[in-house]
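What follows are several structures.
Each of the two complexes below includes chain A, the first together with chain B, the second together with chain C.
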Partner chain A sequence: MSIVDLEAKIPNNVGLRDNKRLMMALERWQPKFLDWWAKLGPTDFNQDQIYLRTAIGVGQGGWAHFDYVKMPDYRWGIFLADGPADRKIHFGDQLGENAWQEVPGEFRNRLRRLIVTQGDTEPASVEQQRQLGHCCPSLYDLRSLFQVNVEEGRHLWAMVYLLQTHFGADGREEAEAMLERHSGDADNPRILQAFNYPVNNWLDFFCFTAFMDRDGKYQLASLAESSFDPLARTTQFMLAEEAYHLQTGENGVGRIVKRTGELMAEGKDPRTVGAIPLDVVQRFVNFWFTGSMDLFGGEDSTNAAESFANGLKGRYRESDGIYKDPKALSATYTLEVPTEDGKVVTRDIPLRRAMNAVLLDAYIADCKRIVERWNRDLEKLGVQQRIELPDHKFNRHQGVYAGFRFTPQGKPIDEASWTHQHTEWLPTQADRDYVQSCMKRVIEPGKFANYIAPPQQGVNNQPIEFEYVKFH
Partner chain B sequence: MTNRLCYVCEGGDCTEKGSGDVFDKLRDLIREFDPGEERIKIRRYPCFGACDQGINVTLYPDKVFYSKVTEADLPAIAAHIQGKGAPVTRLTGKCPPDVEQIIWDMLDSPY
Partner chain C sequence: MTDFHRHPDSYHHWQLSIEGDVAHLRMNVDPEYAFQPGYELKLNSYDLGVDMELADAIQRLRFEHPAVKVVVVGSAQERAFCAGANIWMLAESTHPFKVNFCKYTNETRLSLEDASQHSGLKSICAINAACAGGGYELALACDEIHLVNDNNSAVSLPEVPLLGVLPGTGGLTRLVDKRKVRRDRADVFCTMAEGLRGKRALAWGLVDAIWPKSQFTDKVQARAKELAASLPEKAKRGITLEPVHGERTDTGYRYQHVQVEIDAAGRTATITVHGPKGAQPKTGADYERAGSSAWALRCFRELDDALLQLRFDHEQVGLLVLKTRGDRAALLQVEQDLFANRSHWLCNEILLQMARTLRRWDLMSRSMYALVDAEACCAGAFFELTIGCDRVYALDDDRVQFAIGPLSNGALPMSHGLTRLHNRFLADPGHGQKLAAEQPTLAAAEADEQGLCTYLLDPVDWEDDVRIALEERVSLSPDALTGMEASLRFGGAENCDSKIFGRLSAWQNWIFTRPNATGDEGALTRYGAPESAKFDWRRT
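Right, the complex of A and B next:
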């Protein structure tokens, strides 16, 4: 078990006290991070006391401490999951060799790009959500937002640690650049386009955490298999925190669906009581789910093949041994491919080139599970309408389906049909205006806005009516 | 290294019901007869989606889906895993079949 230094200026379990050069580099970066948080985090709430979880260790039980904290005082630290000293590479061309403790020169650029792309999303989401607190549906949800925000900030620390430790001057420059790019900045935007949209209402936020953060989970999970051991151990611990973010989104959308279902079961029109109709929820689900699929990259990708072959990114739960061939050399993947004459044909491609598609398939199965969970609440309420996950070909802007039009059921259509019908499938400005009109601020402990059901339970065994945020 | 897996759900609902302790205790019971993970690997799983029936524990490729698991059930589950006991049928069949199938679909990788 590694030793956790909680007294250090930067809490860590990476022996920072014994690495003065790295400690100085990180301590130079720390005030810049705090300055970024003060300017682009949820700044209007920086003086409030939030009941937050803070990571204090990496053990499987009791790794977190709950208490009231002002967000700028949150102890952002560097934690790597413990792992065996003699870890072996368990997939790709170097199967069975020792995992790397240092970056191999030949993979330096590719690894740096992977880490920077992942790291850039962490502060991006904080920036996207910085105004949301003003229209929170409850104190419970306000706390959840801030928990997600501070932990995304810690995930930035995790990636900056890797860059500063293993990538020299280049890494230090990249660490600076991650605080200089800003979500939605016309001149210096975030790397991935989906992280440049503002998230100004709570339906967007819950869809974001349900779908976009779930994409993050799968990207992190593939990096957690990496042959570069510090990256694998860093992302393993990030996944422990990320689980709460996904739960926030999954439960959040589910609570909105449930509340709408309750009102429908009572014979009420959700629009007349400030709730969100299921067809509007469906369009938001369509938008965020399809946007998140674009983050997986091309379904047929030589880059993905090389990352797998080199041992940089594995498949989801690769180390569990659920795959037949850890080298992925013998199998092919059957990919649906659109044609110019409006048809869809199948094409077999080498499995290694389909690694993004394999990861996406695991993600889609996970999303199918959460939508079915939401629908079970509707079924219990006797509501006939259901939320449906759109087909993976619908509304895609990356990969083999980009540039082609499909219905949410996956049927190819022409451009004219898309133009005529897409407002039935994706959020309109009227939808966004209506959802925004529902965003009433509720801050009385235990009370909830009328568009969302209370959660099943509170946080850390506290009651739902607990004062999760104390305003100054 | 075995490919047999025991997953303990660590989704939000199962965690609230104590799946962390269930994982620790089941792992300790398994280690008594299989300290080197030669017969089965025990791992946490983010969520199976059968939250109402938690705590959920699955065995793969056995495709056994145990629900409403409590610490009192763990010796019987461990005995089943060890091959010294039958499947604990009082804990099976509680999860909707379509929900069960999703996890098997995820684990039944054709690759």
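Right, the complex of A and C next:
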């Protein structure tokens, strides 16, 4: 197992001590990062003591160390998952050759773009969520928010490490630019549009972590297959942290659904007691789920084909050997394609061009699973209403379905019907105003806002009423 | 026949709006409205149909909206300025189509540059989002390039790294010759698929200004107004450009002043151009009243259309035979009036149109022979067409005359900037200059003596010798002829324009047909295909 240097200014398991050039570069970048955190992170909470886990190693369980820490003192470090020294490329045109320890020149720009696009989302979400702490539904949830925030910060470190190590002066410039772009900044926005909207209520936050972070998981998972070994190992470790973020979202929406279900089972109208009706939750789910699908890129994509052929991005769990043909050369993928006359036809495209769609399918299956979990709570409570995952064609702004109108069930409709009905399907201003009105700050240990059920258990075996945040 | 006529009322891909002396031309390509079936025009990518509208818009700004001093070329799409020529369209096109497409699009861009130089119509390119390949080549044709500085939008020429071909619309040449980007930086830029953004694009001279996203529209608009204010006043009212539709006949095309007869078996097309008939305008005001029906404008627009038909719809025709008809004196009178009134905006535009058509003539990748027979009207601009040909066959007959007019002395320059007379007599520049200055009318024998005829044929030999000449020519390798003619037609020093065409017909043509680009495993073939390209690594 690799040695983790926790005493270093920048904790790491990549032997930073012996790489003076890289250490200098990262040490130059560190104050800029801290400055960014102080200005655009959860600024008003920087003096508070948060019960956070910190990565201290990459072995099983070794990384989950819990203690109170002020967020600016969090030990952001660089950790790569351990991997076999002689890893072979396991998909694409170079199948069977040695994985690359250095960036091959011919893929340099493409890899850099992949890393920058991924890296840019990490600080972006911290910026999007920076005001949320003020209306937390509990200390438990406040802690979760900050845990997500500091780990997204660490994920930025992970990407910056790759840029600084493997991409020379360009990489250093890109690392700086990640701190210069800001979510929602009119002149200098984050690269992906979905990361430029503020996330100001907790239903948005939980939907964001349930769906957008889950997109992140699948993007990271495809990079974790990469033939560029440092990228694969970095993202493998990020995935371990990301799992917690998904849980936060999945559980958060689930607890809101459960609380509403409880009130409905008691015969109460959720609206009269500050809880969130299921149809409102449904519209938020529709919005975030469809937005997250747009992040996968076009279903029929030459870029995706290139990235697979070159061995830069694999399929989900490619290394588990679950796909028959690791070169994906002969197979086709059947894609639903909308036509101008309002129909949907199927078209077979080469599998490699459909790699985004393949990844998206895995993601959708995962999302179906979490929605089923939410519905099980409703079923147990005897509530008839259900949350439904909309069809993948509904409300899309990227890919083959962009520009076409579909119902959440996937039925093609015309523009007039859309105009007439879309407020039933997507959050209205009234919905947002109502959800905002439910956002009451609750900071008494063990207490929760009325729109959300308590979690099953506390963090790190602590009780639910544990003081997860100590305000200064 | 291909309909090259377009009108702003029915554009599918561009929005033209005019406010006082500033026009906005916004690209908004309808992905579903491709020129040919089989591909979608995503992200403001373009094909021939898109470029026909652009060419039309520039023509209309010149003739119909002379008051416009600045045109802002932008995009109506938020996510893309222009992704360049559509790759799927290129991949499914035949080689001759690709080359003709590149030539046509470059002629469109040249007309934008020509308008800037000679019509007082400056252009500003407003790059609001990603701008790749042909998109950046369009920008290069503008006088100023403004780029949004949003840390994301880049300008790029990704042809080499992505497709294994060259930018097909003069991008490489304009980069170093027009914008004078340093060669090593140009080298880096042209091999970097993702291109360059903001500050570095500015520092390297790829763009002229960068603006924050929130100020972009205002800053570009302010610059357009400022630039317009710095330019001299222009005419307020334009004319209407009526379409010049030709009629398809069994054997060719018939226009009012131009006829094309195609001998498919002989792979020869005879183009007959007719001089003015009836009263023609004399003054600028007369021309404004006559509008687009004036012979000088109509005839050359018709010829322009005919040449495009031949290029796109008659790839097999290897030899163009020119015949001129009409009254020499009447033709020369028209030219004298136009030339005398060349400071009038419309006379100027008509002369520029004639010059552009003549350059399109010079750039036909077909053999061209002029037949100066007893009925010929080898005068003025028709004389220019004649000596623009690869060979001039003249009949030794009293009725044959060569009449050099006032436009031969610089008003109708070739692509490389020389007059056709200068280009013809490179060994003795004084001779060409003398003919251009004195504008003599010469009998056949004199013309031959002065070097204007390739062959002066006796009437007895005429028919047979001409027939043999044509038959012999069309028997030669079409590829070799294209290369040979392009080399021989343009003597003397090159300029940016001629280099672009020279490289188009040489390097671009060659690379397009090489296995490394279009073979089964070539980069263009394999673009977007499951497998990556495989190269033959030998350098040529």
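One rule holds in what follows: the second predicted complex is superposed on the first by the 472 of 472 C-alpha atoms of A that agree within 3 Å, B and C clash if a C-alpha of one lies under 4 Å from a C-alpha of the other, contacts with A are read in each partner's own complex, and residues count from 1 in each chain.
Definition applied: contacts are C-beta pairs under 8 Å (C-beta built on N, C-alpha and C of every residue); 3 or more make two chains touch, one makes a residue touch a chain.
Since we're looking at a predicted model, the values are computed, not measured.
J.: According to the stated criteria, A:351 is in contact with first (chain B), second (chain C), both, or neither; which is it?
T.: Touch partners of A:351: chain B and chain C.
J.: Let me test your reading of the model: by the given contact rule, A:328 touches which partner, first (chain B), second (chain C), both or neither?
T.: both
J.: For A:169 in the superposed arrangement: first (chain B), second (chain C), both or neither?
T.: A:169: touches no partner chain.
J.: Let me test your reading of the model: by the given contact rule, A:191 touches which partner, first (chain B), second (chain C), both or neither?
T.: In the superposition, A:191 touches chain C alone.
J.: Would you sort A:113 into first (chain B), second (chain C), both or neither based on which partner it touches?
T.: second
J.: More residues of chain A are touched by which chain, chain B or chain C?
T.: Comparing touch counts on chain A for chain B and chain C gives B.
J.: Quick one: is A:365 in contact with chain B, with chain C, with both, or with neither? Answer first, second, both or neither.
T.: first
J.: Which partner chains sit in contact with A:246 here, chain B, chain C, both or neither? Use first/second/both/neither.
T.: The answer is first: A:246 touches chain B but not chain C.
J.: Tell me which partner A:85 touches in the superposition: chain B (first), chain C (second), both or neither.
T.: Neither partner.
J.: Touching chain B and also chain C: which chain A residues?
T.: Chain A residues touching both partners: 328, 351.
J.: If we count contacts the way the header does, which residues on chain B are in touch with chain A in the complex?
T.: Listed in rising order, the residues of chain B that touch chain A are 1-3, 5, 10-13, 16, 20-21, 23-24, 41, 43, 46-49, 51-52, 60, 96, 98-99, 102, 105-107, 109-111.
J.: For the complex, give me every residue of chain A touching chain C.
T.: Interface residues on chain A, with respect to chain C: 93, 109-110, 113, 177, 180-181, 186-189, 191, 302, 305-306, 309-310, 328-329, 340, 350-353.
J.: For chain C, which residues count as touching chain A in their complex?
T.: Listed in rising order, the residues are 32, 149-152, 161, 192-194, 212-215, 527-532.
J.: Can you check the complex and tell me which residues of chain A touch chain B?
T.: Against chain B, chain A makes touches at 60-61, 217, 243-244, 246-247, 250-251, 315, 320-325, 328, 331, 333, 351, 358, 362, 365-366, 368-370, 372-373, 376, 456-457.
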